[in-house]
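Both complexes shown next keep chain A, but they swap its partner, so chain B is in the first and chain C is in the second.
And now, the complex of A and B:
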């Protein structure tokens, strides 16, 4: 089959998900900033009655950024990259175009149901799996539609070889499908025992088994939502924007299989010093440390892709986003294994160091990569140059400052907290009460909220820049091959 | 089956699996580099899939339709004769 000049890539569904990414990013991160200030200033919990307290808003924050902002970003980039590296247009298949649009609208309806149910306090109480069973079913349907889209597009491709990014998208699809199904096995209480409302359920697992399945899921949600698809993005966008082929394609294949094998065993580190079997805990620790290898394999591959081309960092702000994303990936994949070592975990567990670790990964790696990816896509999707390079530069530095404030304050707070909890006097009595730690940590919690606010302002700058690019930027006649044009 | 036996089987299963998968991983590395070096497969050219991704760019490795495959086969046969 020969390609025709008359065919163009069709970015309709990619554009839909781009808008969703920006809107859900604003929602999820705004809620994040609000709850960060609530932790520092508890009286803010009372602003909107039961609907605005920390307990209601925290799952809304985590789910909106993970399953809203990030998943929309994954979809937007899939509907962009998928076509390009397979060299096939969505316009060539009415069926796949219909499936893509159906997936998007069903996804939006599901997101609305999630937002309403969480604000109403309807939750299964399982972290990152709070949705009740009717929403779970809708999510499964959305996911199956995405699967049809992935394998449908692969089925009609022109390019025989699947580029490494496609491998990572397939792994994302399969990984989350498996994790989501097993962790959300639940018993609808009304239909089985006549207890509770029609939408209520309890987990099918009990006690330690439930904890093990939950954290097998919880940690691998990090793997297959925050790592695997983001690697798919960087393997495409960094080479494409910089015009440099991946440093070592073989290393990318090797890292892929390493990551796939090792990640799935590391979840036990969330349950160190708990009632789960000791071997599960040890295995979680060991595999977490081994995980450094495949993670750094990808990250170093990306940094080496820029070998001899580091001058681009000065010229191109998008390359800055990608390189810093890769660097934050290295930082958080070194920090995570350190925290998973049993003796370190004894100090770190339940302290502020943990959200510090999570956020240098999510803000620095996931956030920067999705923001940079959508900036690269914008001129190609809208046939216009990016509205303002200066605004991207300002956004980059503001958000970088925000991330540094966030994780540095949480490192100091977390280690201080851990040390104070463990401190004992000569008779073995605890030296500090809980409120002593709260008083010491208050300035760091305020700093964290300010750091988050910086990042959020950057997201608004991004949204404005993207909006102006789509609506009133200068048109480009020819699609740029590598570096994105910007005013 | 008593618990002691289950634990022993778990232990042996775990160690064997780690051993087999480690061998598999190293064999895969060897296979990748050996194939590249001996010219059987040029993995590095696939990096161009991201760079040359216009719909009318040359294919790195195109898919043949069934008809084209048949034609190729008949051409090969003719050449062989």
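And now, the complex of A and C:
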């Protein structure tokens, strides 16, 4: 076998997706900040007529961060990690190079179509599956291309044993493929009736069934976009950046298969006290609690990888990003199961506590991992030092403050609101009218928006640092083995 | 076994797929037929209501409003009888929502009138001071899309056997018949409204979006 240094990895596609990650991160999170301010200051809804109100922008936010920022991050890291752990260069196969580029450009076209259609109000209403059928078809093609890329690269690999990260990328590919196909079963109405909008469709499932399929999808879209591929990243980047081997192979094995097994059962926790069958709800609740085990398994495996090396936290800001990401992963995988307990869910469901939970996962875990991963890749892709260590440090603290503001304000808001909805006076009458429970949230919504703004500013700092690294930083001769060089 | 799988990507992928796929089958399939059965007395939407429902979706009202009353006293006191599975049998897609930035709307037709909704959609704050709901003034200018609503009703009738044109059920009929019926139904709502431009447009055969969405809100009971 060749030694890895002798292979000249080709990062063309990884670089494309790196740019997409940054741009879509800025777009998606700017929209997030806008909708956050709209709740606190509703006049902001009227700035762009029908195209700029909360209802139109909220799905744009969720889809731009999930399918834009996160999926681009997944692709960028795949096109980087894939070659390196399989010990084969993209440059060795013209075909795979072509597929990679085709996937990228088709993906960009699809994203553009998504942005336009959501602003126009073209949506199926299903969360994270808002796209109408023509876009669904494009998404399926992009996904198939990615599959060809994964299995093609695996097919010509030199390293026979698949590294842990590869397991997780394969699972991401299969999981999303299955979920997406089943949840988006729809009938285009124009082709049946011959009138109306050509892109309109109607769901194959109705009512409670539709809800069940949607949340089987919705919950697991979180699993296979926000969890599984991010674990792929941390299993590669933390050991690489710190120079420490993964703490336990057995634990990674156990958490991988455990996660695969348990995750798919937990979707019912989105439907507690709804009209889907009771046993589906109970199972969703129980499996959600069991889910703590494999989730913490991975996180603990990562933290223990740093055993005896905690000093690195002081010296290396990238390690800080990774370690805090694992910590937030533990926090949100503890919080989620708590919210899935039926009596807690009765209070928490429909309140701000839910986006609170979502965002300590997405900002702390997903966002920090992707940011940290691309920072690690930059010196190796561009053969330059990272432009500024100081800037990374300030970004880290600003964003961490942002996250803390975000989730603490949402916890208080959610619990306050849940309590007010159910409060009764001594005669058993409801104490508060609905609008009372809205007005009380104003300070928390303002605080959340400010927290989000901090995080967004951090993203701009990251973008600037990455840009400077690629264009005007000091060149390095030899690829660094572990810690990324930074000025 | 696991070591072997790690060297055999094909079987590895098959293994992962099997492990993740059967959870879906076991949870979703068993009650599928049962959950699809309509409650007695529940009827499919008229084309005007369906047009309103499409506008509801287009503007993602479901981002802020749920349509699912849970079986707690605090909810039934506030919104009315708790929701039953069979009430949703004709809801494609379901619109339960996941947030209550605004109140639940599953039975809003019981306690809000055409007149109230007209004022509220135009300027929520003028009706409920402190409201943070966006203004939907543009619905007074934009014409509703009858064709797509008809296409949807026709499609669910043909493909999913939704009982339009059955005894005791809403009539769909041909495109022309359906259009006539929608205009008639809209007339009753327009009569209760006060916006002169909407009334004038209606006289010319042009139904504005606001009429359709009110028809839909009124149907939620």
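We take it that the second predicted complex is superposed on the first by the 479 of 487 C-alpha atoms of A that agree within 3 Å, B and C clash if a C-alpha of one lies under 4 Å from a C-alpha of the other, contacts with A are read in each partner's own complex, and residues count from 1 in each chain.
Methods note: a residue touches a chain if its C-beta (ideal position, glycine included) is under 8 Å from a C-beta of that chain, and two chains touch if they have at least 3 such contacts.
Just so we're clear, the structure is a prediction, and the values are computed from it rather than from any experiment.
Asks: With the two structures overlaid on chain A, would chain B and chain C clash, or do they fit side by side?
Replies: These partners fit in the superposed model.
Asks: Would you check which partner chain A:243 touches, where first means chain B only, second means chain C only, and both and neither mean what they say?
Replies: It touches chain B, and chain C stays clear.
Asks: Answer with first, second, both or neither: which of chain B and chain C does A:235 touch in the superposed model?
Replies: First partner only, chain B.
Asks: According to the stated criteria, A:197 is in contact with first (chain B), second (chain C), both, or neither; which is it?
Replies: Only chain C; A:197 stays clear of chain B.
Asks: Looking at the overlay, what does A:7 touch: chain B (first), chain C (second), both, or neither?
Replies: Touch status of A:7: first partner only.
Asks: With the two structures laid over each other on chain A, which partner does A:158 touch: chain B (first), chain C (second), both, or neither?
Replies: Touch partner of A:158: chain B, not chain C.
Asks: Between chain B and chain C, whom does A:25 touch in the aligned arrangement: first, second, both, or neither?
Replies: neither
Asks: Would you sort A:261 into first (chain B), second (chain C), both or neither based on which partner it touches?
Replies: Touch partners of A:261: chain B and chain C.
Asks: Compare chain B and chain C by how many residues of chain A each one touches, and report the one with more.
Replies: Touched residues of chain A are more numerous for C.
Asks: Could you tell me if A:100 is touching chain B, chain C, both of them or neither one (first, second, both, neither)?
Replies: neither
Asks: A:87 in the overlay: touching chain B, chain C, both, or neither? Say first, second, both or neither.
Replies: In the superposed model, A:87 contacts chain B only, not chain C.
Asks: How far apart, in Å, are the nearest Cα atoms of chain B and chain C after the overlay?
Replies: Minimum over all C-alpha pairs: 7 Å.
Asks: Overlap the chain B and chain C contact sets on chain A and report the shared residues.
Replies: 160-161, 253, 257, 261
Asks: Okay, in this complex, where on chain A does chain B touch?
Replies: The contact residues of chain A facing chain B are 1, 3-5, 7-9, 84-85, 87-89, 157-161, 163-165, 235-236, 239-240, 243, 245-246, 248-250, 253-254, 257-258, 261, 279, 479, 481-482.
Asks: If you look only at chain B, which of its residues touch chain A in the complex?
Replies: Within the complex, chain B contacts chain A at residues 10, 21, 25, 28-29, 32-33, 36, 43-44, 46-51, 53-57, 59-63, 65.
Asks: Which part of chain A faces chain C closely enough to touch in the complex?
Replies: Residues of chain A touching chain C: 38-39, 42, 45-46, 49-50, 53-56, 58-59, 121-127, 151, 154, 160-162, 167, 170-171, 174-175, 178, 182, 187, 189-190, 192-197, 200, 202-203, 205-214, 216, 253, 257, 260-261, 263-265, 267-268, 270, 273-277, 280, 283, 346, 349-351, 354-355, 421-424, 429-430, 434-435, 438-439.
Asks: Quick one: in the complex, what on chain C touches chain A?
Replies: Residues in contact with chain A: 2, 6-7, 9, 12-13, 16-17, 19-21, 23-24, 27-28, 30-32, 34-36, 54, 57-64, 66, 68, 70-72, 74-75, 77-78, 83-85, 87-103, 128-136, 138, 142, 145, 147-152, 154-156, 158-160, 175.
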